[in-house]
Amino acid sequence: MQELIHSLTVAPFMEMGQYPDFLIQVVWEGFVAGILYALIALGFVLIYKASGVFNFAQGIMVVFSALVLIGLHEAGMPAWIALIATIGVMGILAMGIERFVLRKLVNQHDAILLMATIGLTLVLKGAGQLFFGGETKSMISDELGFSSGAYDWEVFDGLVIFQHIDIAAAVIAVLMVIALSLFFSKTRIGRALRAVADDHQAALSVGISLNQIWAIVWFASGIVALVTGIMWGARSDVSFALEIIALKALAVLILGGFTSIAGAIVGGLLVGIGEKLFEVYWGPIFGGGVEAWFAYVLALIFLLFRPQGLFGERIIERV
Amino acid sequence: MTVTPDVDNKAVLLSLENVTLSFGGVKAISDISFNILEGEIRAIIGPNGAGKTSMLNVINGFYHPQKGTITWRGKRRRRMKPYRAAASGIARTFQNVALFKGMTTLDNIMAGRSLKMKRGLFWQMLHVGPAREEEIANRRHVEEIIDFLEIAHIRKQPVGRLPYGLQKRVELGRAMAMQPELLLLDEPMAGMNLEEKEDMSRFILDLNSEFGTTIALIEHDMGVVMDLADRVVVLDYGQKIADGTPAEVQSSQEVIDAYLGVGH
Amino acid sequence: MFYREAGQYKTSYAADQALLPLAQDRYGIAIVLFTAFVLIPFFGTSFFLVSIMIPFLIYSLAAVGLNILTGYAGQLSLGTGAFMGVGAYACYKLTTYFPDVNIIVHILLSGVFSALVGVVFGLPSLRIKGLYLAITTLAAQFFLEWCFLRIRWLYNYNDSGAIEVPNRDWFGITVTGAEASPVARYFLILTVVAVMTLIAANVLRGRIGRGWMMIRDMDIAAELMGIRPLRAKLSAFAFSSYYCGVAGALMVFCWLGSAEVESFDINHSFLILFMVIIGGMGSLTGCFLGAAFIHVLPVVMRAVPSMLGWDILASTVEHITQIVIGLLIIFFLIVEPHGFARLWQVAKEKLRTWPFPYAT
Amino acid sequence: MQLVKRGALLASVAFIGSLAAPIVQAQDTLYMPSLTYRTGPFAGGGTPFADGYADYFAMINERDGGINGVKIVVEECETAYNAQKGVECYEATKGNGALAYSPLSTGITMALIPKAPVDKIPVFSMGYGLSAAAIGEKFPWTFTYPTSYWNQLSSILKYIDSNGGIEGKKIGYIYLDVGYGNEPIPVLDQLAEQMGFEVAKFPVGVKEMQNQSSQWLNVRKERPDWMIMWGWGAMNPTAVKEAAKIRFPMDRFIGNWWAGSHSDLNPVGEAGTGYLAANFSGIGTQFGALEDVIKHVVDKGESKVASKDTVGNVLYNRGLFNAVILAEAISVAQEMTGKKVINGEDMRLGLENINLTDQRLSELGLADFTGPIKGSCSDHEGAGSIFIQQWNGSDWERITDLIAPMNDVVRPMLEEAADKYVSDKPDWQTQACS
């Protein structure tokens, strides 16, 4: 028993201190994974904020957009043209979803909107496999100009390896977040979006079409999905197995709150770094594989103490 | 103005002393004392945001005041959950109708009987014997309420589809089904036309006189309040500015100021 | 006209409160039961029984379980697959420890274990609502999946990690395991499902069920009517998980014959949720309609091309099936968000007023 | 609404039709169901396998007019690697006179093993499924030629031993955390004791197949000398990439035979150069049988392969090899029973008495394709050998001769496992072998 307590409470920290280079590596890996979780969560938040739809299809949109990109490239398009064409496809998809799904489901119950996006997941999954096949594909990262090398950093008598692609992921994620916040604060549509998030009626009264806004947020999260797909694909290929990883973004959402962009980012990093640390230092005690549930259980425990999320405001119930 | 207890030698059912309630620094109710006597109709009035609904929420245990004591039937009440308040005999209706939208009128009023029904899972599963007898006995009671409120024709309709006036009536029925000792009504006549208001007033008076139910109500229509209430308490900005019979309250300068907006 | 209640007078509250107050409904149910208990076992092929009726009934039972929680008590859950798994593994362990006890007892007992687990994972529902709760049930799903794999005791330290079903008798007829005939398994499942559905209907129309619906429709008002949220929500979780657990035990013992973790994965949770939503939240009939639609449609779609003699790759059919189901789900949500149950109700109302289409 | 009703009507008509007219096979054919998984997360491996399987039978029909004059009918049923769908496929096809099932997924295999003796249709799980099924006395209806997971592992360990010794070394075992990956662990532990090496295990959850950085961080922490992988599908390329990231030497990283196909390493490309994998079926198209397949099937456009390049790749050839063994069993059964059209029971006999000698393999156009396989009443596995192949950055190359398993150690363990499987099933059907 004492041994168990020791191995749970003392040993992991001793190990961290013993090999600090390794600890840095673990945190870095967690950081990169966390960024990708955060990006997926960001896609959820955009849509939830603007339309109150909990978009379960965000995960499959990541896979789908990456597959479209690879597929178009395989069909002979140069990488950059394929990228632009993929953005176009995501735009058409967004408009289609708004026109044929969302517009017809206005004011429905949460669960029904959620189900509709799960239905959408099935459609995209089927279509993705039908057009592009089910096998694992490698991302066209070289063609898009990402280098596959790594920086070595010798520190604490050890070695920390930073993959170029991971650094690129971090930089692109930061740029993406900056671009989105500029979009929200500086453009007319962006301000309208925030207005919608606060009050649908108010937004309507200043003459903004709700339908337009929905199409735009779906498009925006389509682009976020594409970026996520490219980065994750470059790290570890594109296959439908990615979709289930995307579910972790749901745990991220709990930590960060459904409507907070900052929450999505902080939550993503928390989950990413937390699960790597837990898996590497504590996982072996439980026989490993704890990563599969760590994020959700963390979210669950967190919820019990702070149901409104990290950055959400406390909700006072009214009668 | 001090509380004048026991005007007609009636027992005090509920009394609040120096109750203060705030949300993160904002005071919704500050240092309010008043009581409700058994068998009376007590009105709580005041402009919007005066803290009337918060007052009801305190009484039925939904909010917990930071300061002050609440005494129910002579016993000091501790921090209490709403379902305990319900069990001790407090029922209420809501400002914005809070009916169970997915259920029929009958089921909504049956829902008011929840506390009167006790049969356990086993009998429920079989739906024979005691569980069924209990169901039927309570149904009989509910049918009496339905007759009283004259809503027999909508018995099996889902309440979501009913017009607003009828929904209010069903909500009253649901609260009645609890056979409460104290019934809290939050704006029972809001949004009603004259005819509906008359009906509702009649129900409230009958309920009070026939079943002896003590009633505390919030209402904006001063005419209705003056006709119905035995005593009136007036709140403004979370503070009590008057308490007494309708006539007394009507002549209070502070009340007139509050309603006319002097000094605002 | 055809579906008329006029002339059917109720002279007591008991009669008015019966499950099926209308004669037409009683005849309808009688026909359905006759078909299920007599016609299908008599005329159905083995494929029809094993690949269509048995899964359909098991999924219906799980859908009833989820519907109690989601449709009646208003708590959205994505952990159904795992709760089914708890039932299946519990049943497996029970048969190992008490091999002589009748298998039916084990199957019914196994639900108790998933009810307990359901209560534990239902605890957050006291503080968390709606979609947030749905995500915490994902924690249940993934954590339990991990347990099914990592706790080797659950599958008797089997190297393959799978649980296998022994042959077991009931009154001398083998009802589980590979040797059980489809008809025997079908009868067992049908009986369990029919009885448990009746019990669910009884509970739902009584005090307890009303309490759940009160919490669902307006939790604050419910609490002010004396419903204790803790008790109501947890009892809904327990009751619902019991049904899911029994469905899981039946799935492994009377349908698949063996199972490993993947049989209880998240996709099952979604599948059952689809059935509930398409069928109609808050409707027991809907559970059966939804299960029939979601389970049978792909089976039919797979059979169509080969019947028509089209040479299409099985995978293409599969992908198209997926797309079609996805589209149909969206389509139905748009056309009738309250599911088949509401369509059925509307149809009944139409029949009642026929031939006057505009009377309400 | 009208549309819904009409759709429902159509569907129900089609459905009733499907019940009324089950596909009836003509009496003079051999019916061979093919449980495929061309969809789902493992489709990348399932597709070439299913193609190879179908194409070999198509070639036999085309070139020889069937086996001893009887045509083979192959019917595919899509399982998506999912146990439920697998059972459904089984129920849908078994009534058509199915001769044998190759379920491919461990989950489906486990579900079918107890059904085999009841329906009298053998299960042929080629080198996968339940290792203990190698014991013919306990599993009369199940076959795992040419070898089992357990024996394969012992061959891999022998390879390591012959490349610098294994004693005192640390072997990392990274595996897909499902039944499939967990299965060889008892043997690994036992052989670790016997051969004197240390084991470190790294499970990869099904959901984490593409998110393996924690596992590889742990590998970096543990610093094993060799890595063995029991991976599948999307897990494999990700693992090789992650290994490259932590600079694990590729020629010390060995995949099992489901972790060494073209679809696994093509996405990795150059970065995977030097990666090793076990295999038991030849690579390439330089075999007579494959040339015939190209000539009679692929070139005529009758194959389902997406491109001709797929023919000859690792999993295509494995699917083909699966068909080869079944075809051989059919001809053995025909010979033994004297019947042209056989049933499942005859097929079982054929599988049990299979004897693919080097000479016979040459006759089939498969010289050097694989090692000889001989079955018997008690040996349903054949304890066949494997070879090691290496990825050169763009293709696989065979780099070793056949490596025999350590059957003397593994066989008793298999027997023990088989006893355990049967122990809680009192009425399990066994057979006595002299």
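We just call them A, B, C and D in the order they show up, numbering each chain from 1.
We take it that a contact is a pair of C-beta atoms (placed from the backbone, for glycine too) under 8 Å apart; a residue touches a chain by one contact, two chains touch by 3 or more.
Bear in mind that the values here come from a model prediction, so they are computed numbers and not experimental data.
Peer 1: Among all the other chains, which ones are in touch with both chain A and chain D?
Peer 2: C
Peer 1: Across the interfaces B-C and A-C, which one involves more C-beta pairs in contact?
Peer 2: The greater number of contacts lies at A-C.
Peer 1: From the centre of chain A, which other chain's Cα mean sits the farthest off?
Peer 2: B
Peer 1: Just the number, please: Cα centre separation of chain A and chain B in whole Å.
Peer 2: 49
Peer 1: Where the CA atoms of chain B average out and where those of chain C average out, how many Å apart are those spots?
Peer 2: Here chain B and chain C have centroids separated by 41 Å.
Peer 1: As a quick test, compute the distance in whole Å between the mean CA positions of chain B and chain D.
Peer 2: Measuring from centre to centre gives 73 Å for this pair.
Peer 1: Nearest whole angstrom, what separates the Cα centre of chain A from the Cα centre of chain C?
Peer 2: The mean C-alpha positions of chain A and chain C differ by 33 Å.
Peer 1: By residue number and range, which residues of chain A touch two or more other chains?
Peer 2: 129, 134, 244, 247, 287, 289, 292, 319
Peer 1: Mind pulling the chain D residues that touch 2 or more other chains?
Peer 2: Touching at least two other chains: 38-39, 43, 47, 177, 205-207.
Peer 1: Which chain C residues reach two or more other chains?
Peer 2: Within chain C, the residues that touch at least two other chains are 142, 146, 149, 220, 315, 319.
Peer 1: Taking the touch rule as given, give the residues of chain D at its contact with chain A in the complex, in rising order.
Peer 2: The touching residues are 38-41, 43-44, 47, 177, 201-215, 217-218, 220-221, 233-235, 237-238, 241-242, 245-247, 263-264, 266-269, 271, 306.
Peer 1: Provide the residue numbers of chain B that touch chain C in the complex, in ascending order.
Peer 2: Chain B residues touching chain C: 60, 62, 81-83, 85-87, 91-92, 94, 98-103, 107, 110-112, 114-115, 117-119, 121, 124-127, 131-132, 134-136, 139-140, 143, 174, 178.
Peer 1: Taking the touch rule as given, give the residues of chain C at its contact with chain D in the complex, in rising order.
Peer 2: 45-48, 50-51, 55, 96, 99, 142, 146, 149, 156, 158-162, 164-167, 177-179, 255-263, 265, 296-297, 299-300, 302-304, 306-307, 313-315, 317-319, 335, 343
Peer 1: In their complex, what parts of chain C are in touch with chain A?
Peer 2: Residue list for chain C touching chain A: 70, 76, 124, 127-128, 130-132, 134-136, 138-139, 141-143, 145-146, 149-150, 220, 266, 270, 273-274, 277, 281, 315-316, 319-330, 333-334, 337.
Peer 1: Per the contact definition, I'd like the list of chain A residues that touch chain C in the complex.
Peer 2: 54, 100-101, 104-105, 108-112, 114-116, 118-127, 129-130, 134, 244, 247, 250-251, 253-254, 258, 286-287, 289-290, 292-293, 296-297, 299-300, 303-304, 307, 317, 319
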